[in-house]
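The two complexes that follow have subunit A in common; it is paired with subunit B in the first and with subunit C in the second.
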Partner chain A sequence: MEGIMFYIISIITVGGALGVLLSRNPYRAAMWMIFSFFGIAGLFVMLHAQFNAMLQIIVYAGAIAVMIVLVMMVMDKRTLESIKRFNPQAFWPALIGIALLADLSFLAYKFKINVGNAGKHLTINGSNTQMIGEILFKHYLLPFEVTAIILLVALIGAVVLTKKDIS
Partner chain B sequence: MTGYLIVSALLISIGATGVMIRRNFMIVLMSLEIMINGAGLFLITMSYYLGNVSGQVMFIFIAAVAASETAIGLAIAVMMYKRKKSIDINDFSILRK
Partner chain C sequence: MEVLIAIIKLIIVVTVLSVYVMYATWYERKVIGHMQQRIGPKRVGWHGLLQPIADTLKSFWKEDVIPDKADKPLFWLAPALAATFPFAAAIAIPFAPPLHLADGKIFYFSVFHSKIDILYILGMMGLASFGVLMAGIASGGSKYSFTGSQREAAQVVSYEAILALALLNPILMAHSLNLEKIVEAQRHLWFVFYQPFAFVAFVIAMIAATARVPFDLPEAEPELVAGHMTEFSGLKMGLFFFGQYVMIFVVSALASIVFLGGWTGPILPGFVWYWIKILAFIFLYTWFWGTFPRYRYDQLMDIAWKALLPLMVLNILWTGFALAVGLPVL
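Presenting the complex of A and B:
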């Protein structure tokens, strides 16, 4: 049962990614991207990471997809859709991508770890969110603060870049 | 476990190929998101099979960094669109002589 679910969800995920790669219309590509994000959220639920699955849906399929679609909305539809699909020299990069896939798949096939602890120590009192909170605020407090500063800097950078005139 | 790792490898390589061969800057950004998600899937898989929740905490940081990266990327896209009226990456050459 779980194997069949895994195959269905991974076909959704990889199919969405291929849709982004191959679709001509950028709006349709954004929809494929959201499809792929939901598939990844399903994979996270299968890996007992419920909090991150919800975070995936809220941050990626919610915020990032809305940002991208909103920016595409304010652009001119004809300039957006008249762009050709691939670069003129797309053959060698595609070959590099296939080589990367072969390399990473070989690594995934050869990768062996001790899976004795699989699925354990992921919850406190049956709650995944509580465990993440414990680890995040006890061991990773400084990276958490730095992430907050990164978000602030990105906000300021976006405002400065899109100002009226850059002189 | 191998299945999850192969899905992660597929996502990373599809995203990298998309970054390299597409011409529309918006789709390049989307492919970057796909790549980041492939890395996140790898982290969550390792977190499950090693029984250590630190990978899931790392994913939270990755999500925050991905959001800020997309914001900056879209700001660059809007800036170049205002200047060039195009988001074809082959037109993005204002630093070239």
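Presenting the complex of A and C:
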């Protein structure tokens, strides 16, 4: 049962990601991306990390994907259509992809991963809201705050860069 | 057994909400009619009570027009998504206070119950906007639809942060994301008295979330015909209305649970209190419709980002400070 669920969710995730790469229409690519985020949220639910799953949906599918669609909508239509989705340099990325796949299959072979166990024994005990809060704000408070400040700097940097362009 | 109970609950919830949507349209037309010195529906049945059934039947037999230039798969998917996600949010809403059974178990009157109810509802509400966005994209370059969707996207990025931040104050005070626990925390005094600013911000954001007057920008009739729904006809258009009315129910129930104490209240039983509060919020929507003019969407973004966001951040700082030093939060 867990195995079947795991495979369905993996197909959703990987299929959504492939849809992002392969669809010619940029809007459709954005919709496939949400599909993929949905699958990732499903994987988090299988890990009993419901808090992460819901944050995945709220932040990525709900906010970031809407932001991407908004940017595409306010862009000039001709600019959007003139951007090429594919280019002829597919050879080297494909090579890297094959190397990565070979690497992963080698690891799977070496550590003797049993496919029959897919989706089982995934539960991590107590990975819930309170645990995340305690770990973030008790043990890793300083790195967390530093990350927040870096994000703020990036935000202000983006504003400064665009302002310069206008004047 | 549990799966069977959940399926039965699901069927009941979908049926009840569908009938609710039909009569919500009748109720709105009636109330808005009396507010504007008219009578409203009167001819079909007693006081027009059969009017919504006639409207629904009519929409089944309407011709289904699909524009030639439309992106067909997305054109079919858009109304389905617009109706599905509000229903998905509604299954986490309790329809009555939980029942304590004799053998120590608790029977919940919601299909889906978890420790993170509020986050789940927020997530589904966020996804519900994709039905509207997709409608504009799929309509094959129709300017009205596209402008409507564009406004919806701008609206989503402004209200969603406010909605989450306004809910954060009661969550901080109740120490839980569980709807039952939040109601439990308000036994003595409702959170609206502790958090008046958060309540006002939540009401503004929830009206923007359901795209109703004064924030009904995606479908502003005088400028955009019917906004994102312009190219849709018959049942497809009906599905957008379904989504919108179910969403109104979801945010009304959420507001009454989080800020008005859900099923707590003196004298009357909890069930009655709960539904009085929900119906009051649904009436509030119609009241606003009859009262306020529409905002421009840059005005909405100003309200959200320049007024409500700083206010909510200060409110959270104050709530956190007061909870840390043990003051009664006010």
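Just so we're on the same page, the second predicted complex is superposed on the first by the 140 of 167 C-alpha atoms of A that agree within 3 Å, B and C clash if a C-alpha of one lies under 4 Å from a C-alpha of the other, contacts with A are read in each partner's own complex, and residues count from 1 in each chain.
Please note the rule applied: a residue touches a chain if its C-beta (ideal position, glycine included) is under 8 Å from a C-beta of that chain, and two chains touch if they have at least 3 such contacts.
Here the structure is a predicted model, which is why all the values come from computation and not from measurement.
J.: Based on the shared subunit A superposition, would you classify subunit B and subunit C as clashing or fitting together?
T.: fit
J.: Could you say whether A:I12 touches subunit B, subunit C, both of them, or neither, answering first, second, both or neither?
T.: Once the two structures are laid over each other on A, A:I12 reaches no partner at all.
J.: May I ask you to name which of subunit B and subunit C touches more residues of subunit A?
T.: Of subunit B and subunit C, B contacts more residues of subunit A.
J.: Contact-wise, after the overlay, does A:M67 reach subunit B, subunit C, both or neither (first, second, both, neither)?
T.: A:M67: touches subunit B and subunit C.
J.: Counting only touches as set out at the top, which of subunit B and subunit C does A:I57 meet: first, second, both, neither?
T.: Touch status of A:I57: second partner only.
J.: Under the stated touch criterion, which partner chain does A:R85 make contact with: subunit B (first), subunit C (second), both, or neither?
T.: Once the two structures are laid over each other on A, A:R85 reaches subunit B alone.
J.: After superposition on the shared chain, which partner residues are touched by A:I113: those of subunit B (first), subunit C (second), both, or neither?
T.: First partner only, subunit B.
J.: Give me, in Å and rounded to a whole number, the least C-alpha distance separating subunit B from subunit C in the superposition.
T.: 13
J.: Overlap the subunit B and subunit C contact sets on subunit A and report the shared residues.
T.: In subunit A, positions 51, 55, 63, 67, 128 sit in both the subunit B and subunit C interfaces.
J.: In their complex, what parts of subunit A are in touch with subunit C?
T.: Contact set of subunit A toward subunit C: 25, 27-28, 31, 34, 50-51, 54-55, 57-58, 61-63, 65-67, 69-70, 73-74, 128-129.
J.: Which stretch or stretches of subunit C touch subunit A in the complex?
T.: The contact residues of subunit C facing subunit A are 71, 74, 114-116, 119-120, 122-127, 129-130, 133-134, 136-137, 146, 149-150, 153-154, 156-157, 160, 164, 177.
J.: Please output the residues of subunit B touching subunit A within their complex, sorted ascending.
T.: It is residues 1-18, 20-24, 26-27, 29-31, 33-34, 37, 40-41, 44-54, 56-57, 59-61, 63-72, 74-79, 81, 85-88, 90 of subunit B that touch subunit A.
J.: So in the complex, the part of subunit A that touches subunit B is made up of which residues?
T.: 6, 10, 13-14, 17-18, 20-21, 26, 29-30, 33, 36-37, 40, 43-44, 47-49, 51-52, 55-56, 59-60, 63-64, 67-68, 71-72, 75-76, 79-80, 83-87, 90, 93-94, 96-98, 100-101, 104-105, 107-109, 111, 113, 115, 117-122, 128, 131-132, 135-136, 139-140, 143-144, 147, 150-151, 153-155, 157-159, 161-162, 166
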